[in-house]
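What follows is chain A paired twice: with chain B in the first complex and chain C in the second.
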Partner chain A sequence: MSQSRVHLWLMAPALLLMLLILIIPIFAALGLSFTNYSLGNSGANFVGLQNYEQIFTRTTYQKMFGATIRYVFVVVPITVGLGLGAALLIKSLTRFGDLYKTIYFLPVMAALIAMAIVWEFAFHPTIGIINSTLEQGCGTVLENWGWYANGCERTFPLWLTDRNYAIWTVAFIGIWQGFGFNMVLYLAGLTSIPKELYSAAEMDGAKSSWERFRLVTWPMLGPTTVFVVTISFIRSFQVFDMVEAFYPQGGGPSKSVYVMMFALYEKGIQQNLMGIGAAITVVFLVFVMLLTIVQRWLVDKRTHYV
Partner chain B sequence: MSNFDTSQRIFRFSSSEAIKHVILIFGALIVLLPFYVMLSYSLKAPAEIMQNTGGFFGTQEPFRDDYCIKLGNAVADCMVTPWIYNYQTAFEKAPLLRYLLNGILVTFSIFFIQVVIALPCAYALAKLRFWGRETVFALVLFCLLIPVHAIALPLYIMLAKLGLTNSYAALVIPWTISVFGIFLMRQFFMTIPDDLIDAARMDGMSEYSIIWNVMLPSAIPALMAFAIFSVVAHWNDYFWPRIVITGNRDLFTPPLGLREFKGDADGDNFGPMMATAVVIVTPLLVAFALAQKRFIDGITLSGMK
Partner chain C sequence: MANIRLSNISKRFGNTDVLNGIDLDINDREFVTLVGPSGCGKSTLLRILAGLESADTGTVSIDDTDVTRIRPADRNLSMVFQSYALYPHLSVAQNMLTPLKLRDLSFPQRLPLIGPLLAKTEYKTLYQQIKNTAQILKIENLLDRKPGQLSGGQRQRAALGRAMVRDPLAFLMDEPLSNLDAALRVHMRSELTQLHQRLRATFVYVTHDQSEALTMSDKMAVMMKGKILQYGPPDEVYHNPQTIDVARFIGSPAINIIPGSTDETGCVSLFGKSLETHVSYPHSTLHIGLRPEHLSLSENNGNSFPGIIRHIENLGSDLFYHLETEGMSQRIVVRSSQSEGKRLPLGSLTYFKAQKNKLLIFGESGNRLTVKSQKLAEVA
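Now for the complex of A and B:
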C-alpha cells in the first residue's frame, strides 16, 4: 500500500458536498428554528423556544400532527399488509405471477403528481368514475348497507372535499401507490427462505399453511419486515405531492389534510416564515432519525440469533 | 385409482389457485383503474368526459373547437378529432417538449454528477487502507438517514443567498451527492478481488484510471441499478422543483408543467391535461416494460441496506 494521500483526493469532493448539502443544513435548520428569520431580511431576532412552543400548542399544528399521524398510521400498516399478502399470493401461484408483479409495481414507477390528478378525476363527485359506478349499484342488494342506501338517497361522498373523507381518500391513494414497492421487497425476502425449513416444519407437524407461515415464513421475514416498515414510515411521513395538487391552499377541508411536508412548504416557502419552517424541519428530522435508530436496533438485536 | 388421485389433486389445486387469481385480478383492476381513466380521457372529447359516455376510446366524432372559432376561423375549419385535439393541445398550449427536455437534462446531469462524485469515494472506502476510513464510512451511514426533502428549507435559503433559485443549478445541486450511491458502490467494490487492482497498479495505472478503467466496467450491474433508482426518483420528483422554480416556465420539469396545466384547466382542458399526464408517465413505464427485472432490482436496491 502506497503512503500517498491519494485517498484524500478521491474522497474530498464527496466529503465536501456531504458537509455542504447534508450536514450544515441540519445545523442551519436547528439554528434558524430559534429565530424569526425571513428571507430578504438583513438579520433575525433570537426568539428562543417560541417557534417550538407554537408548534406544540397552536391548533393549526395540532391539525398538522393529527393529519400526519392519521395518514402515516393508516398507510404504513395497510401498505405493509397488502405488500406481504400480494407477495405470498404471487409466490404461491404456478402461473402468471410475474404479470401481477408487473401490474402492482406500475404505480411505483408512475409520477405521483400525474396519478394524483387522475385520481382527483376519478373521485370527482359528479363526473368521476367512482361515484358514477357506485350509483349503478343503487336499487340492488347493496342498498341493504346503510351507508350505501344513504348515498343513493342523497349523494355519495364528495371524497376529497369532504372533511370526513379527505384524509382517508388521500391515504387510499398513498396505499395504491406504495404497496407494490413493499411487495417486491417481500418477494425478495421470500426467495431467500431455504426450502428445507418448510420440509422440516412439516415433519414437526406443521400441516396447515397457516402453521407453516407462523413457524417459518413470518420469523424468517423478520429483517425484511423491519426494513419494509421503516421505509414505509419514512416515505409516508414525506407525503406532499398529492396534498399540494389537491389543496394548493390551506391543506384541505378544515385543514384535515395539513400534513407536515405541506406545512413546511407553506410556512417556509409560501409565507417566508423560515423560523417556524425550520422548527418543523427539526421535529420532522427527529421523527425520522428515531425511527431509523429503532430499526437499526431491531436489526442488530436479530443478527445475534443468526 | 392413481388416476383418480391425480385428477382430484389437480382439481383441488386449481380451485385454490382460482381463488388466488380472483383476489389478484380484483387488486389488479383497482391498480389499473387510474391508468385506464388517464388513457381513456386523453382520447375522448370534452362532452364525452363530462357525461361519461363513449366507452374507452370515445366515438372519435369531430367536435367544434370553440377557441379556434374565437380566433375568427370558419366553423368547418374548426372541427377537430378528439384524440388528435387532446395531444396536439398538450404540446401546443404549454411548451411540453421543453419540459420533457428539461426533465431529461436535469435527470441525466444529476446521475452523471452523482457517479463522478460517488465512485472515487466508494473506491477509496472499499479498496484503500488509510487512517480514518471507519470514521468516514460511519459518516456515510449517518448521512443515509437524512431525507434531502426534509432539509429543503436551509438548502433553499443557501441557494437563494447565492442567487441560484430559478436555475438548472438549483434543480441539480442538492442531488449531486448521493450517499446511497457511495454506500451501494462501496458494497459492490468490496466484492471485486484485490488482485485485479494490484495487477493494474503493476501496469503503472494511476488510481484514477483504475477507478474509471478497471472498477467502473466491472461494476456495470450495480451502476445500472443505481441509474434506474436515481432516474426514477428525479424524473418523478415534484417537491424540490416546486420549491426552487417559481414562475419561470422555461425551467419547468415535466411534473411542474403538468401541475401548471391543472392550475388553469377548465372543462375543455381535461382531455389535453390527461394527454400531458400520459406523455409524462409513459417514458418510465415503457422503459420499465422493456427491462422489468433490472427496474425492480434497481428500485428495491435500497433493500440491500
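Now for the complex of A and C:
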C-alpha cells in the first residue's frame, strides 16, 4: 500500500522546535536537579535527591514557600474579585466606559520594574507620599483606631522594610498591577452572554440584580473564571521583577519576600548553583502542571455546557 | 387568565419610528398573532407588552389594570423566546424550577443545600408541578438533561415547559418555531394550537410566517412599518384584506395584482375586457387582486385571457402555472388541481378565467374599494 508520508514532513518543523525548545530543556533541568553542577565546571557529581531534600527541609526554602504562598493566595482572589467587579461596573456604564478601561489597564501595560521605583518612593518611610498623608490624619477621629494612634505616636510602618508588612505591601502592588488584565478578560466574557437570558431571568421573576447575577452572569462566566483564575495563579507564581527591584540582595527583610522565582534566580544565576536552581525549577513546573490539570478538569466537568 | 389592552403605543429608536400609535385589544383566552415582515415592530410590541422595553407613549393594561409602569417580573406573564433562552448550566427540571422558586419561595428557602431542607414540602409540591407540566409536553425523560444535550425540538418543549409550569396571566411567544426544521414546525403548530385549547389561556404570538398566523390564531394583526394594518380572524384577513399590502403579504403563493381601470360609469375592466363590475370611482386606474385559487385554466372564449406558461410549480396536490401575459412584467399564478388531468407543456399558449365574485379591487393608494354592483353569474 502506498501511503503518502507528506504529513510527517509537514509536522516535522513543529515537532522539532517543540523538542528543541521545550521538551529537551525540561529534561535537561530534571537531569541537572540530581547533580551539583555549576556553570563552568567540567563535570558534576550525581547527588541523588539531595537538592530536593534541601528544598523541603532547610528554613530558607520554607521561607520561600511561605512567601510564595502568601503572595499567591492574597493576590489571586483579590485580583480576580476586583477584575470581575471592575468589569461589571464598566459594563453598567453608559458613558466613560472606555476611559475607565484605559485607566485600569494602564498598570498592566507599564513595565513593573519602572513602577516599582515609583512605589518605592511612595512607600518611603519619611519622604514617601503614603506616610506623609497618614500623618495628616493625626489628631483627628482616626486616632480612635489603635493602629493609627500607634503610628502617630511612634512612626508609621516602614512598609517595604518591615518584615511584618513587606510581603503584604509587595502583594498590594501586585494586585494594583494585575487586576486590569483580569478585568479585560471578564469584559470579553460579559459581552458573550446572550441578552435574551437576562430577559428570560426578568420574566422568571428575578427582580434584584443579585438574583440576575446568580442566575445568569456568574454561571455564564464560568469558563472565563476558570481561565482567569488559572492565569492569575501562574502569573503570581512567576512574580520576580518587583522583588528584584526592591530587594536586589536576599529577598527582603528576614527573607519574608523570598518568592520562588527570586530564589531560582539567586541560586541558579547569582550563586551559580545550577543543581539546586534546576530543582526549584522542577518544583515550580510541578505546581504549574497541577494547576493546569485542575483547570482542564474544571472546564470539562463544570463549565462545559454545550 | 386575562384580557390585554394596548392603547396608543409609540416607540422610537433614535430617529426611526418603530411603532406608531398602536391600539390592540386582546380578549381573554384568545390566540392572537402579530404577523408582519421583519422590521415591522412586532417583536418590539411584544417586548413592550412584556415590559422588557418601555414605550415612549401609550399604556399597557392587563386584566383592566394599568401595568405601564410595572416591571416585567410583576406583570405575571411568561414568555418563550426565539432562541429559547434556557439557562445552559441548569438541567431541564432546574430550568423549570427557576420561575417557581423565584416567585413562590422566600430567600432562605432558595439557598442551595439548606433551602430544600428548610422547605421540604414546598419543594415537593414544586417538583410535582414540574412533573405534571413535563407530562403534558412529553418531556419527562428529558428532565435531567442540560439544554446542550437536547435537539432543537426538545429545547423548544423545555422552553414551553418553563413558561407553562407556573400559571401566568398570558403567554407571550416571540417566533418560537423559527429555529426548527420545516416538518417539525408544521407539527409544533398543531401542538401549540392544542395546547392553547387545553390551557384555555391568552396567547400572544409573534411571527413573520403568514402561514403560522393563518393556521394557529383566533385573530391576527398584520403589522407593517410600525402600524397595524388589519386586525381580525384569519379568514376575514385572507378573504377580505383592507389594503393591498395585507393582500400581498397574506397567502402563498402570493396574490396576483393586475392593473385595471374604470370607464366613465365606474365599470371595471381587466386587460381591456369589461368585468361588468362597478365601483364608484369612474376614470381611474386600479389594482385588481386575484388569488391563484380563484383563477383557472379555460378554453379560449370571450371571457378568458391568454398567457404563455413559463414555469410550473408542482405541489403534489396542486399545480401552479406561472403565466406570462401581455403588458405585465409580473407573472400570473393560476392554480389547477392535478385531477384536472392534462399537464400543459412549458412555453405553450393557454387561457385562464377569473371568478368575478372573488375580485379584490384596490384604488391607486392601495385601499380597498367596495364593489357597487356586480353581475354575479360567472361568465366562462
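What we mean here is this: the second predicted complex is superposed on the first by the 288 of 306 C-alpha atoms of A that agree within 3 Å, B and C clash if a C-alpha of one lies under 4 Å from a C-alpha of the other, contacts with A are read in each partner's own complex, and residues count from 1 in each chain.
The rule is short, and it goes like this: a contact is a pair of C-beta atoms (placed from the backbone, for glycine too) under 8 Å apart; a residue touches a chain by one contact, two chains touch by 3 or more.
In this text the structure is predicted, and so the values were computed from the model without any measurement.
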After aligning the two structures on chain A, examine chain B and chain C and state clash or fit. fit
Given the touch rule stated above, what does A:Tyr148 touch, chain B (first), chain C (second), both, or neither? neither
Of the two partner chains, chain B (first) and chain C (second), which one does A:Tyr52 touch, if any: first, second, both, or neither? neither
Determine, under the contact definition given at the top, whether A:Tyr165 touches first (chain B), second (chain C), both, or neither. neither
Classify the contacts of A:Glu211 with the two partner chains as first (chain B alone), second (chain C alone), both, or neither. second
Does chain B (first) or chain C (second) touch A:Phe65, or do both, or does neither? neither
When both complexes are superposed, which of chain B and chain C contacts more residues belonging to chain A? B
Given the touch rule stated above, what does A:Pro219 touch, chain B (first), chain C (second), both, or neither? second
Touching A:Ser199 in the superposition: chain B (first), chain C (second), both, neither? second
How far apart, in whole Å, are the nearest Cα atoms of chain B and chain C in the superposition? 8
Chain B and chain C footprints on chain A, overlapping residues: none
What residues of chain C sit close enough to touch chain A in their complex? 47, 50-52, 71-74, 77-79, 81-83, 85-90, 98-99, 102-103, 146-148, 162
Within the complex, chain C is touched by chain A residues 194, 196-197, 199-200, 202-207, 211, 215-216, 219-220, 222, 303, 305-306
Residue positions on chain A within touch of chain B in the complex are 1, 6-7, 9-11, 13-15, 17-18, 21-26, 28-29, 32, 39, 82, 86, 89-90, 92-94, 96, 98, 100-115, 117-119, 121-122, 127, 129, 132, 176, 180-181, 184-185, 188, 224, 227, 231, 234, 238, 240-241, 244-245, 248, 261, 264-265, 268-269, 274, 277-278, 281, 284-285, 288-289, 292
The residues of chain B that touch chain A in their complex are 17, 20-21, 23-24, 27-28, 30-35, 37-38, 41, 49-52, 117-118, 120-121, 123-125, 128-130, 133, 136, 139-140, 143, 145-158, 160, 173-174, 176-177, 179, 182, 207, 211, 232, 235-236, 238-239, 242-243, 254-255, 258-259, 262-263, 270, 273-274, 277, 280-281, 284-285, 288-289, 292, 295-296, 299-300, 302-303, 305
